[in-house]
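There are structures below to look over.
One chain, chain A, appears in both complexes that follow, with chain B as partner in the first and chain C in the second.
After this line comes the complex of A and B, so read on.
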């Protein structure tokens, strides 16, 4: 009996100390970290929302149905959630400094996942984000395009339709699974046509170790419910009649597959040359369909190219890196517009090639992923 | 001065007096330079004077307050339980860590509330402080001093803030020196942590010279 007493006493002492500390912290959290109701003034009183303070601006806006893109899930690394906070933003946190340029700092641009709502604020949200919403849908079909690229067709459930421009993207939610403790959002461009507004199609390439693509490739099945928000992005056809040069690789196909069919359906006869790069024949997809469009439409030229065709591919088309192919085909691009979509390396390299062809930077549009 | 301090120390022994407690905690027994505790933040945050000031101040406040809290806990809870066979010596290690962690959390919330500017200059360091061994070290040495040198409550208060002030002084000195040498030529292999550790060693020698001043 005597040997048990010290143990009980020691445990009781330890418990008493930790419990009183925990109680103190809870009280402090209750009464100290209290910001009350704060007013967020969006776009000069275009929309005024009232939120409970204490959460990040990004989260608070999301709760009110304003979806600002964020790929890192509020960890302050992707810098997608930049917005201008004209009033009430408070001092810039050290975590923001690394992600903001001098000019952005002077214009009150902030990383909204790192700014807490502590008081009333005024902020500027781009119009296209205000029209973005949260959607629920059901996977209608998953098809293999190549060995590592899948086409995901989603039928909308709630809301039942979506309006977007070809080239825009949505953020697909990959729910928590396995060792991935919380839901993450990843951006994918629509490859479907906006005319079909009750369905969406996405082209998704497997990224080894990628949280979202692994989920799509190994766990997602037809009939499953998915959530996404959008549409976002200013990568879409300009309102001019300029000749266009499109350059894409891999799943960078998606926005162009949407654009070209949209143009064909609406008789938008803008001269367009589409360069699509892959490594070997097994990495190509939708080629037959695009060649057919090429044959049927005077204005559209499709140039697929392989960088390293295998012997059994019997490839008689263009070979070499896509940037070299573009270099060979385009002689004077000074009047053209360029649209680039693919990995950052490809987009940067292609950007250099077309800049050398005399295309000014304001006519080069791009969608980088990675 | 030296003779006077030594005399005062001799007179006041075993309870040495607040002035001596402060001098020994901050200078002669500088927790960073004589025991090399709290080295990680010292090395990584001494690049800029501004952040070194924030970190040093945070360590000083936390060390001072947690020393007092842990003193109260030790004297009024653990020691009275010792006659019943409760192992105060092993229990103190666990409970001191808990108290420090809880106090740092609380301090973080208070600072965020009081001043955002202070929060952004100190706030990022506070979570680091929880695992700053200088702070736990100060609390543990405090217990030794209570038992060995007869420190009372006031002594402990001064000791805690003194130890923190010593750490503060050391990191400020280092940040100043690093600022000075940032334009100079440091051999490639020694840049960063290498030269910092060498300077720390020289500073430590300078500080240990004070040790003759106080008889233990």
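After this line comes the complex of A and C, so read on.
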């Protein structure tokens, strides 16, 4: 026993020294190391910004008004904030390795919340992110659309207007509350018309346990100030005259409610059939408004469907899963474009159906976020 | 208990507000390793593996998702599954670069009223990490309850679901 004790003591001492050194290095990195001013060259000198080194690329860009979408708040888990860092990114951190494919690594794609600005860097930022801004607004109205879907109308305060295309989305900030220690951002498509540029409307479905939707459903009130950034996304009407097939469910309604009214207001008479799926009548919303548009515009057809209507629903419309309804209605889609918005499962299932109808992948546009 | 930096990071991501409102640990004050060990003991006592349990949950999840929110009768047993859609994705607290569809799977045995509620992420956490979530977590899945509902393993009904020991 006496001969083992010195070994244990020596091992404990070595552990203590190693731990202390690691802690000192971390503290030194945090409080003592000064990286000075670093230059971030965006898109081959389209924009050059100077930032104080030491923060992550994601935070540094945000401070300069370049908002890169992130679902996990910079914790290095969601992998949304990927950008190409062509120079100065340094070695790839272990936390990034699990989030990047071999191809992405070979193309210098990085997880920007995990890359610290320590020196000058060159970055490639998609154009649509450069045009996004930060906004402040006031909740003008909250309306129940169904038992678990609300419409949120926000009047802009600063800046006072926003430009976007129907189908694009913003990131709404839910502030810290309760046991949620930090603000989080969640993406929602605009359901409003871009012509009304001093207001935004969002269609938000309650996510069980969701940080942002719980805040919207239980705490947010009319008159409250909100913050958001955007617009983002390339899910918008193409510049062709092709016939369109839209398929959505739940809050996937949002971009299409914006698109159809935009098309009507601008006399864009593109043949469009909109398939909207729900389980029961209580899950449907905006049906009367869409039926009116259907009656007034020859180019627009609205097909709501219920997959499991109850007797008391008195439903005499289409029944079945929305993918089965599309399958019955569309005989040849080879010349059409398809737009899908809904949950990942719905989007994937609808994608398979329209592919079987002869629609090539390059003409299938989707938004899995709504 | 000392934790490695990666364990500490996982613990932080399991906390309420990090990735979802309620987090993954509920009111369970045990160390993560203790939670994992206790559930592993339960699974072993059932004569199963985490993968067996994840596979049953995954089959039900896939069938439910294909129903696009309408109830679906599962081919195995007399169970009914439903998927309640939610927009967006959630990452794994283990940070593997994978994103999982939000939304809930509800599997019910109409004969007994037994019911399980879980998410696509739950399936991954069980299959890959043997993590069934802490007690009191909204999506805690007790392995013995899962086994009983799906008719998996041996003597599932004789297990004390709290300790994982046979009674």
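Operating definition for what follows: the second predicted complex is superposed on the first by the 338 of 370 C-alpha atoms of A that agree within 3 Å, B and C clash if a C-alpha of one lies under 4 Å from a C-alpha of the other, contacts with A are read in each partner's own complex, and residues count from 1 in each chain.
Definition applied: a residue touches a chain if its C-beta (ideal position, glycine included) is under 8 Å from a C-beta of that chain, and two chains touch if they have at least 3 such contacts.
Since this is a predicted model, take the numbers as computed values, not measurements.
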| item | value |
| --- | --- |
| Per-residue contact with chain A, leading partner among chain C and chain B | C |
| Which superposed partner A:356 touches (first chain B, second chain C, both, neither) | neither |
| Touching partner for A:219 - first (chain B), second (chain C), both, neither | neither |
| Which superposed partner A:105 touches (first chain B, second chain C, both, neither) | neither |
| Touching partner for A:10 - first (chain B), second (chain C), both, neither | first |
| Chain B versus chain C as contact partner of A:93, first or second or both or neither | first |
| First (chain B), second (chain C), both or neither touched by A:265 | neither |
| Doubly contacted residues of chain A, that is, touched by chain B and again by chain C | 95 |
| Complex contact set, residues of chain A against chain B | 2-3, 5-6, 9-10, 13-14, 16-18, 21-22, 24-25, 28-29, 32-33, 90-95, 118 |
| Residues on chain B engaged by chain A in the complex (per definition of touch) | 73, 77-78, 81, 84-87, 91, 94-95, 98-99, 102, 105-106, 109-110, 112-113, 116-117, 120, 124 |
| Sites on chain C touched by chain A in the complex | 12-13, 15-23, 65-71, 83-93, 95-97, 99, 101-104, 138-139 |
| Chain A residues touching chain C - in the complex, by the definition given at the top | 71-72, 75-79, 95, 98-100, 176, 178-182, 186-187, 205-211, 214, 249-252, 277-279, 283, 307-308, 321-323, 342-346, 349, 368-370 |
